[in-house]
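Have a look at the structure below before the remarks.
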């Protein structure tokens, strides 16, 4: 392995972390339900990349592919559930504001 | 072996078949029969678990791996061991109680409920039987997704809110767990349990293990979210309060334990010896016990009190795990079992009280003891078990946990765990006093005891609670006698 | 049989657990199920099973069992050997009769289930106490018994818990002494296990430990100075309680431990100061309690003073530290349980039929209740020490030992025997002889049901049996259990002593006849002693409870509480306001913080992750 | 090849940040699709063809469709997002945070002795992937089946209009 590629791996890790930070920041700060889901998706892109990177580093790219495909399927279904919940909340409140969700507290 | 193999097939096949039958029937027919059909799955599972146990006791083999080949090559591997049998039994028991409660509390969408319940059971069974961390993650997501939908499917305002909060926190947990898995995979090249056992930590320096440390931090946090340990607990009372009570029984009774605690058992089993992990779990457990109890003391919603009590009790289980010793693990698993029984009892009682009086607010209740004797008694038994009063079951598991803490040198934590029992007693006494003791309110004069399957569920769970308490030492001796401990 | 039970339970040692768990479980069931016949059958069955277990333990080689999951300081150890399993058997047999009597007596009464629950918990605690090898474990069971005692006294007197509080205070003080004694003993011996203790010499700090433990043990048995709640309980508590606790179960437990303290834990030498002190307590108990019994005009109260007085003989016997004395003390305890249970049962029987035990109101019951009367006569003769009943033989053994130690103790014991005989002559004639005094609407008094006179009859027969054939208990049971090969059975070897005892009994008869003639009636036969010059004043003071240690404790407590009032107030403030305020405040603060906003939830979770990172980094 | 990967990484980062920061939900969704597409390219470059295809079709395609339909259902316009939800204000600190995190991470990567495991060359072919996916990971496939069935139940339970 050349030295260059080690840098590539480190670079991927750094970019991935930054994307997770961005996604989580979006998750925490936004008031819009769909934006939350977008934040989650951004973070998931980074996680998917980590899995592929892991397979690439230890030479088990086929196994990593199998993992990634499963992860993608799950990701989609979670997104569907989340969007479904968001739409149902929209039907009740007429908007997608997260600040509506304060009935349960204490 | 034959018995275990066919039992495992049944455990997975029966829920799947029931799901298919539910979707094949015409809608009206399914709505009528799906709930009755649902009973088959947990009952089969109880029988299958018992059969497996008998077989394991006979073979005197702690760990049994089963391989199925459905498509030619050797492919699917599952493991059955003593602890996972305890979990499987709890899953079946709580599901049974949940269906009994649902009979009363779920008037519509019964097919949907039954089908999702089957998916949930499948997911939980998968979690405790897989032999691979990634498969564990997959089944974790199944459990998660079916739980969200179970909470939200009745489309009440609060139900949707609780489900959404649960979903977002859960997704955060998934991100953490999956990143952790990627790091472990990066380091070891495999996620199979037996490979991890062999390769983990073999002669590595801390600088080489940085990925493992990062993975452990992320996975402990992720599983702690699923468990509902403080400071990752915030979603738990919301979700458990807002769900239909039949679903709360499931969530509090078993889901948090299978999704959270079991994951922690697995990862501490591999990497628990790393410095720092113990202390993390110690602190998290202690904080959970105290903060959960403090929250529970100030609530006025029946289900919310019980939900916060789950947070507090999860703290005990974490303390048991944190010792990374056999005794601690035993105590933790025993507490999982006990918590499954008494927490389902309490939620079943919540359902009974709500069905009969129409309210969950404990300030509007009082004196139900005279009108609802069975509910009151089962609540008392569950509360005594939770508070760890001998000879109820909770006493023994807490004793084991405290002994494990003591002998592992964490005497301060042992003392805290012991004294925190006072908190437990305090919030449950408050609940019991406000709801069941005292003078009967005039507007409650006409109420009656709940009947039918809910009453049956209460009786069943109370019998299990009391019997477990009385038989606990003998069971322990028996397990030792046949060499399973 | 042991083999069969063992194979059923997995191991013979598991019987030990069952002896504790079974009563607890049965008690819970009896508490919940309120059906007379079910209760009767289950109670008998479970008591029989308990007896079966006890007998099989007795017939076994003995077991030593360490609870398998233990760690430093928390070991739970049980040791069952000849001596303890003998007591287990005694108590199991006694419990069988008592429970039969209780179930029948309490038929249809309020709180019968609760009474059963407490009885069975007590049985479990007692079984545990007999089997415990670890003094800490022993203390746990010991204190458990205190709780059930308190609970049982509360049952009928929730609104006026005078007796219960008194019993709790006095027995609690005794138990406190016991706790202190155990701490000192464990410190001195360096171990908590009785089986590992080598006989400690009674000197220095160990003497204090001995005194504390001994006082605790005989206090449990009802000896002075922890006795004064028993007469009160006789008025307030249901009769089965009196049959069970002061008459039987507590005697077993207290004397068992006293014997073990004197034999196994400490090295009590005959003639030593400690021995003299114990004997003095014993003699004082005999004389003072029986003197009080003499003047009572209520059947249960009178009997309860005798329950105290008889402990004196046991304490006296054990206090001599001579083999014959210990044997006599334990044999006397066994006999006492038999005849005193029987006596209380007859009292209960009378009470159930007539509604009172006040001797002024009843009389002439002999014709109406013949079986009760016969049982009463046999057991009264036994307690008075009339040959050849069982009480005679055990008293002679104690007399023998007392005389060997010091003449004073012998004379004291003899005086006790004299007064016992007088008071029972009075009681018997007042209750069963004479004419029928009850108002005419209570004329339908008849014999009690079989469930009640059956236990009485069994006990009365045992009185005779253990007297005539005293080889069986003395050489068959107690000798092997104590490891004493000397034969004590048969007639006492000293004819002089026997003659003196008989003379004392005849003297008592004479005194009784004189008294009843003088004051006109059997009931007032003891009045000439009561109102004798000099004694009269003392009795008056005693009636006003001046000699009651409970009153001393209460006065002391009042003084202390007056002094400590401000401390108490501070502590109350701490508990009522400061701690609860802190907890509630913390709860409210947390509740405010948890405002339901999802962002905050997530933020808290992310902070948690940061916390974990900090912990891990700090450790590495 | 490294240069291409670097460029792709940069684009992925930009797309991700845009998806979070953009002031229109529709544009955010499209940026997310872009991120998926670029991730697919990275996967392809690292040798995982099948995963790339999946990422491209499912994440860039299906998820975007779901988002767009949800957005059109809820019709939140630009002004609303800015005003009602204070999006721009609340997201404004993100670039600063990202820069700080980035600097810290690069410093850690450059200065500390932490090591990644040594890379091993992959010796696998397409057949190898098929073998692993269909045979060794059958548990996961069954898991996927159950997930998809649960998803179907979700659609039935949540998306139906009011009964």
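Here the chain labels run A, B, C and D in written order, and each chain numbers its own residues starting at 1.
The working rule: a contact is a pair of C-beta atoms (placed from the backbone, for glycine too) under 8 Å apart; a residue touches a chain by one contact, two chains touch by 3 or more.
These numbers were taken from a predicted model, which means no experiment stands behind them.
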Where chain A and chain D overlap in contact partners, by chain label: B
Between B-D and A-B, the pair joined by more C-beta contacts: A-B
Chain A-chain B separation of Cα centroids, rounded to whole Å: 27
Chain C and chain D: spacing of chain centres that average the CA atoms, whole Å: 77
Geometric centre distance via CA averages, chain D-chain B, whole Å: 32
Mean-CA-position distance for chain C and chain B (Å): 47
Shared-contact residues (touching 2 or more other chains) in chain A: 23-24, 27, 29, 36, 53, 55, 57-60, 63-64, 67, 70, 74, 77, 81, 84-86, 88, 101, 103-106
Sites on chain D at which at least two other chains make contact: 116-117, 120, 136, 140, 143-144, 147, 150-151, 154, 158
Shared interface positions of chain C, touching two or more other chains: 591, 594, 596, 598, 602
Touching pairs among all chains present in the structure: A-B, A-C, A-D, B-C, B-D
Contacting residues of chain B [partner chain D, same complex]: 16, 19, 70-78, 109, 112, 115-116, 119, 122-123, 126, 130, 132, 134-135, 138-139, 141-142, 145-146, 149, 152-153, 186-187, 189, 207-208, 210-211
Chain B-touching residues of chain A, taken from the complex the two chains share: 20, 23-24, 27, 33, 36, 40, 43-44, 47, 50-51, 53-55, 57-60, 63-64, 67, 70-71, 74, 77-78, 81-82, 84-86, 88-89, 92, 100-101, 103-106
In the complex, chain A residues that touch chain D: 1, 4-15, 17-19, 21-23, 25-26, 29-32, 34-35, 37-39, 41-42, 45-46, 48-49, 52-53, 55-70, 72-77, 79-81, 83-88, 90-91, 95-97
Sites on chain D touched by chain B in the complex: 112-117, 120, 134-136, 138-140, 142-144, 146-147, 149-151, 153-154, 156-158
In the complex with chain A, residue positions of chain D that touch it: 2, 5-6, 9, 12-13, 16-17, 19-20, 25, 28-29, 32, 35-36, 39, 42-43, 46-51, 54-55, 58-59, 62-63, 66-67, 70-71, 73-74, 76, 81, 84-87, 90-91, 94, 97-98, 101-102, 105-106, 109, 116-124, 128-129, 131-133, 136-137, 140-141, 143-144, 147-148, 150-151, 154-155, 158-159, 162
